[in-house]
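Right, I'll just put the structure down here and ask away after.
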Amino acid sequence: MNLLKEMASRDRVFDFMAPARSPVDVRHGPILYLEDVSVSFDGFRAINDLNLTIDDGELRCIIGPNGAGKTTMMDIITGKTRPDHGSVWFGSRHDLLTMNEPQIASLGIGRKFQKPTVFEALTVFENLELAMAADKRIWPTLTARLSGEARDRIDEVLVTIGLTGHRDRPAGILSHGQKQWLEIGMLLMQRPRLLLVDEPVAGMTEQEMERTAELLTGLAGKQSVVVVEHDMGFVRSIARTVTVLHQGSVLAEGSMDQVSSDPRVVEVYLGTESDNTEDARC
Amino acid sequence: MRTIRSLVQGLLCLIVVSLAAPAALAAPDDDGRALLEALDTDSYAAKGEAVTAIADSGHPQSRVWLEALLDGKLQRQEDGGRFVVVLANRGRHWPVRDALTDEDLGEMSRRDLDRIGINNALRGQLQNTLALLDLRAPAVSARREAARDLLGEVSPSMVEPLNGLVENEADDEVRRLLTQAIAIQRLERGDLEAVEALSGSLNTSVRSALSAAARSDDAALAEAATDALAGIEQKQKLNDGIQTLYFGLSLGSVLVLAAIGLAITFGVMGVINMAHGELIMLGAYTTWGMQQLLPGQPGLALLLSIPAGFLVAALAGIVIERSVIQFLKGRPLETLLATFGVSLILQQLVRTLISPLNRTVVSPEWMSGSLMINEGLSLTLNRLLVLGFALLVFAGLMLVMRRTRLGLEVRAVTQNRAMARSMGIRATRVDILTFALGSGVAGLAGVALSQLTNVGPNLGQNYIIDSFMVVVFGGVGNLWGTLVAGLSLGVINQVLEPWAGAVLAKILVLVFIILFIQKRPRGLFPQKGRAAEG
Amino acid sequence: MSSHSPAVPKRLFAATLLSLAVSAPAMAQEDPIKVGILHSLSGTMAISESTLKDTMLMLIEQQNAQGGLLGRELEPVVVDPASDWPLFAEKARQLLAQDEVDVIFGNWTSVSRKSVLPVVEELDGLLFYPVQYEGEESSENVFYTGAAPNQQAVPAVDYLMNEVGVERWVLAGTDYVYPRTTNKILEAYLKDHGVADDDIMVNYTPFGHSDWQNIVSDIADFGSQGKKTAVVSTINGDANVPFYRELGNQGIDAADIPVVAFSVGEQELSGIDTAPLVGHLAAWNYFMSVDTDTNYDFIDSWIDYTGDEMAVTNDPMEAHYIGFNMWAEAVRKAGTAEVDAVKDAIIGVSVPNLTGGYATMMPNHHITKPVLIGEIQDNGQFSIVWETPSTVAGDAWSDYLPGSRDLISDWRAPMRCGNYNVVEGRCGGGADAEVASVE
Amino acid sequence: MLASRSWLSRPLRERSTQIFLGVLLAALAVFTLLNLIVPAGHPLHVSTYTVTLLGKYLSFALLAVALDLVWGYLGILSLGHGAFFALGGYAMGMYLMRQIGDRGVYGDPVLPDFMVFLDWDSLPWYWHGFDMAWFALLMVLLAPGLLALVFGFLAFRSRVTGVYLSIITQALTFALMLAFFRNEMGFGGNNGLTDFKELLGYDLRSDATRLGLFLASGLALALGYVLCRAIVASKLGRVSMACRDAEARTRFLGYRVERVQLFVFVVSAMLAGVAGALYVPQVGIINPGEFSPIFSIEVVLWVALGGRGTLYGAVIGALVVNYAKTVFTGVMPEAWLFALGGLFVVVTVLLPKGVAGLLASLRRRRDDDASETPAQGASS
């Protein structure tokens, strides 16, 4: 049974069998739709009958204590982890569970990892160049030459993320915050419809945090943005709608004020907030 | 030329003796000397008669002579014609005793001694003669052993004395064996009734005799023998199945032993220790060293080697960890290269310090031979013990990992180093101990392998790739996985071997593992979850 | 990146060796005669080959102590091909082209010889090859002082057939060319002598095979069919110990199913627990236990040379002893160490072997040898149970293989051909090529 | 076409490549002249023996470059590159065997000698076509290429990477070694293929052919170097490095990581095959020993010593280690394994970036010194 499923997903490896990239259909409501999703590791239920919808152009914050399943949820959306059951739709046309990571990425879902992952050996400019929407098959990549238009676009993003001065430096020597921005910049180069951002301000200074908040709120509207974050101050500063995850399912959803006054949330999360400042992985 | 010379010498001696005989009537051991003189001939037929004569003489030294003869240690001085029993024939000078008087003669040069040679036919006769002597031994086990040796070896002249022995024998098993032995002899003469006495026996000598009878010209005899054989084949099939399984488990246990230490260093610490094979080799050399220290007590030496081998390999492991691996934290591929270098150095060190040649490791008595389940199925003792040893080591290791403070700390450090450190666990110490444990277990594997294969500088090389395959196949970081993987690979290999041949079987197993890893990149028992994705 | 540097220290090395040796003051001031030694000193074959290097150094030292050859000193040039077959060719080229040695003693494995062969032929060198091999080869530049199959395998089978009464045969070998060829020859030979197909079982295993359970149990089965069975083993090196152990443990001893081995000698036995092997057989052209004075003298000087009271001698060492003496004799006869002269002079040369007879170089570059069958004893020595009544001349081409039945080899003028086809009456392909390339 | 030409010629405009090619071609020219013009016996004369030895080193250097492409730039440590090298070598060896024709000892017009004496009556199917040079040369590329394609397809698709991949590449070459040892395979078993006579009609024994092979190896190294540089300097090269440093990130950017890996792996395998094909006629034998895992690990050492991730470093490493091997096995054979083993340890522990890294850091320090002094001067 598993084998069949796997084969069904494997055939997508071939280009000619994969559906041509079609625009995301958001006429019928949300851009992202998770229904009854569950997954367990070694008997531990990381995600438990999770239901979640994100509207087009929305900026959503997701909070929750350690082990609530935030990162696992992102893994499921981006195709890294397969759920045991449930369905995940991007718009009303694309069943994400039938696709692999690059396919999902080329649909327009961008992801920023918890730990900033940029290509440290490459320059800032090259990082953005690789992220740029382009024909990403082998031969075109091998023979690719950068057009003036693309150069302009990269410079544009460099300005947006404030790294113009570091254009030709290896990404590895950037500061932590700069790496975070570079990663967001890379997502922007992809021209995504949906951005998944995992703990964007962890380890940032106050100023950096402000700059990041500006960046993200600036993005909302053009793109849908989902932010997973621990820092309550930061969440409060950017969020319109907040979803609280607990033990793999949604505990509460609403504005920050609504949520923080919910007694259940206070009990499981806010009450223990101080312990969670230095979380590495949930 | 040599033969002529010894023939002449023999003749001369005979003349001398026959001349001297009347004069030396008073000498007590005249008869003995004559018996031995008869052995000193170039005709193996004549020697055979001389052996019979010695066996029949009832001379007190006869057993010593026959055993020495069997071992090639009954010799004669070139000049004086004195017969001696050589006690140890290594080197240029050998300690000897007088064959007749049992007097200690000190050492003699091997140039001065002539061996009384025997061939295979004579060896068989000697063994039978000794077996007949053993059949009168007081110990039941000795009598059974002797009776078993007689199967298929009974000559017509032996039937008479054997019949007598059967009647006086108290032990059922010995009686049954002797009856069978006699029946085989009768079958060889074409006795139809003998078939009945033999049918159902799984003994190879019996099957051999029946097969011969099945081809005989006597139609009735051939038919009866064929029927009896068919019945035996039926029984044998089941035995063969069990035997293949045993072979597989036995091979598997060797793989498990070789791999289990790696499962710790590689699986738990993430160190790709290419010098693992050489740690096994150190264990094996420790066994050799122990046996050099305790000559004549191979069993005791082997038992002592178990702790010693563990310690030696563990110490070597600590040295490797401190000098190389600690600098390569979190760079697994580079530990691979560095430890490969260490393995080359260790190999060459052994070649330079000890010898490029293989070393002799003796199997103690209790590790030779086989355990008889039934007559068609016996399990070789050394492999059985190695199998048991492997399981014991595995159980011990599980205990250490699950039940001790060290095990807890090891698991803590593996899962979250920073966290463990902050809780006061000294991660460096744990690293050292873990690596020492893995290395020590490799040493234990070496002690066991010294009983199965060559002890030489290349020993480790032969096991390193297999070990990695087992660990990866079983799932890195999972001891149970290693056990299951090792045993199942062993069985697969042995099941494939009869029809694919040894080489192809091995290739097929490797290809199978390569394909399996594609299908399940994390092995049989993967560590699931996000930590494993790292 | 000059290639001269490796040669310079080597000369130093050789010089040091020589100064250690008892150098004869009476030696002439002429250039020394250079003797190349091409044996692996590292890697897997070092086990077997490094003793042969020492044997050569000992023989050269003894010769120098007697005043060298033609009044010239002998200078050993030792290189290490490191058990790496392509490296053998490279080192042979180095010996011949850079060091300009007059003769090479070397190689153990067939593949290393095959690797060296084109080089020795191209640069017109002399190679003495001391190990028993599969035959099917004859080169103008190579002298085979080890046994060809008819000097080892065939007589051993004869002995088992006639003296022991064996009717059923297991041909077990390591999967490489020597066992393959030997077993091909034996199969043909056995069938010629009326052995049925069913009574022959052939089995090949990889190098260093250590799990013999299945095969030994098959052999036991094969041997329980009411006919006397023997195993003819061409199992190589490291695989032997586990093989004999398994035989012993499964209760098969030499009286039931004797094993006659062609690759188990004194040196191999020195690293084994001999208990399970006792009574099994080996066929060689020399055993350390041979009871002759020349042999005892050889053993004594070997023990003195190595300083190891327990040092053993073996068949390939005797082959080097014979080969070296033959070469020395041929140099004396020719009055020069020049290759072509020695090549012609050596045919017909007879020197004493260690078993009390003489070895003669035949026109096909193989030598005459007695064949001995020995039983393994618990002290790691062999007790000789049978020997051929006279010496046997080595055949380059087996009489039992269809491809080579019609070939003979004769390097004397005017024939000078390694594979003359007696049916077609012409010299075969290899030599044509030789002529073509010379022209 | 224009586009593809430009990506290939891109490295020729790089200074480092120009220097590398300049040194390599100059060395080729110098050794050729020293061999041809300087009379034998003169201290500056380079013998044909040395030329062949250098030709062997150059083919090893090409192998090292191929390995560095996957290890240094793609982050895949292949412990089985010897397998591709050997397959290329066998393809060449089979061609050379067929060229012997009826000049073998048995004079069979078609069958190689080892088949005659093992009683084969006809040529196995996979030996057909190897009498034609173009086919054999194609196979030199295709045999390793196909193996890499199949193996890589399976492995990368399942995301077998890192340590696991290294271990199964080792298993791959080990399995191939066992297979080629089998005489039934029809590749000459342990003895392999040897006693070659001529290549493309040129006598392999002649000095001119040997010199030609040396030059061919040098040119192949130059071309292989340029090809690898071109890949590395292209956007694909940057994607490779991206896969090496952050595979998941690359995947989320929409690149088919497994295809990038497969492409580079196959190119590397083919280069290794070419290296093997040049190696065989120069050493005169190919046998299963080249498949041995130890050889493949040794190749990794060459690259590690030279400095992974710098193609010229791989070349330096291959030349240095092999030259050292030649010297050591000549002077003090027993010490060679100590030296080799020690090198492994020292390089990984003390010189993780190899000789090239050492040179680079020295240069950087010098540059820093040079640039800092005036800066300090200005600020003070």
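Labels A, B, C and D are assigned to the chains in the order they are written; within every chain, residues are numbered from 1.
Just so we're on the same page, a residue touches a chain if its C-beta (ideal position, glycine included) is under 8 Å from a C-beta of that chain, and two chains touch if they have at least 3 such contacts.
This structure is a prediction, so every number in the text was calculated from the model and none was measured.
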Between A-D and B-C, the pair with more C-beta contacts: B-C
Reference subunit A; chain at largest CA-centroid distance: C
Where subunit B and subunit C are represented by their mean Cα positions, the distance between them in whole Å: 30
Centroid distance [mean C-alpha coordinates] between subunit C and subunit A, Å: 72
Between subunit A and subunit D, centroid-to-centroid distance (C-alpha), Å: 42
Distance between chain centroids, defined by C-alpha means - subunit A, subunit B (Å): 63
Sites on subunit C at which at least two other chains make contact: 42, 175, 204, 206
For subunit D, residues that touch 2 or more chains besides their own: 157, 178, 181-182, 334, 337
Contacting residues of subunit A [partner subunit D, same complex]: 10, 13, 78, 80, 101-102, 105-106, 110-111, 113, 117-122, 126, 129-131, 133, 136-138, 141-145, 186, 190
Interfacial residue positions of subunit D with respect to subunit C in the complex: 43, 46-50, 52-54, 56, 102-108, 114, 116-119, 178, 181-183, 188-192, 194-197, 203, 205, 283-285, 287, 289, 319, 323, 326-327, 329-331, 333-334, 336-337
Partner subunit C, residues of subunit B touching it in the complex: 1-2, 71-72, 88-92, 111, 114-115, 117-121, 123-124, 127, 153, 204-205, 207-215, 243-244, 247, 250-251, 254, 348, 351, 356-363, 368-370, 378, 380-383, 452-456, 458, 462, 493-494, 497-498, 501-503, 506
Of subunit D, residues touching subunit A in the complex: 3-4, 6-7, 157, 231, 234-236, 238-239, 241-242, 244-246, 248-257, 259-260, 263
Parts of subunit C lying in touch with subunit D, wherever the complex brings them together: 1-7, 9-10, 13, 41-42, 79-82, 84-87, 89-91, 93-94, 97-98, 109-111, 114-115, 117-119, 122, 136-138, 175-177, 180-181, 184, 204, 206-207, 401-404, 407, 418-419, 421, 428-430, 432-433, 437
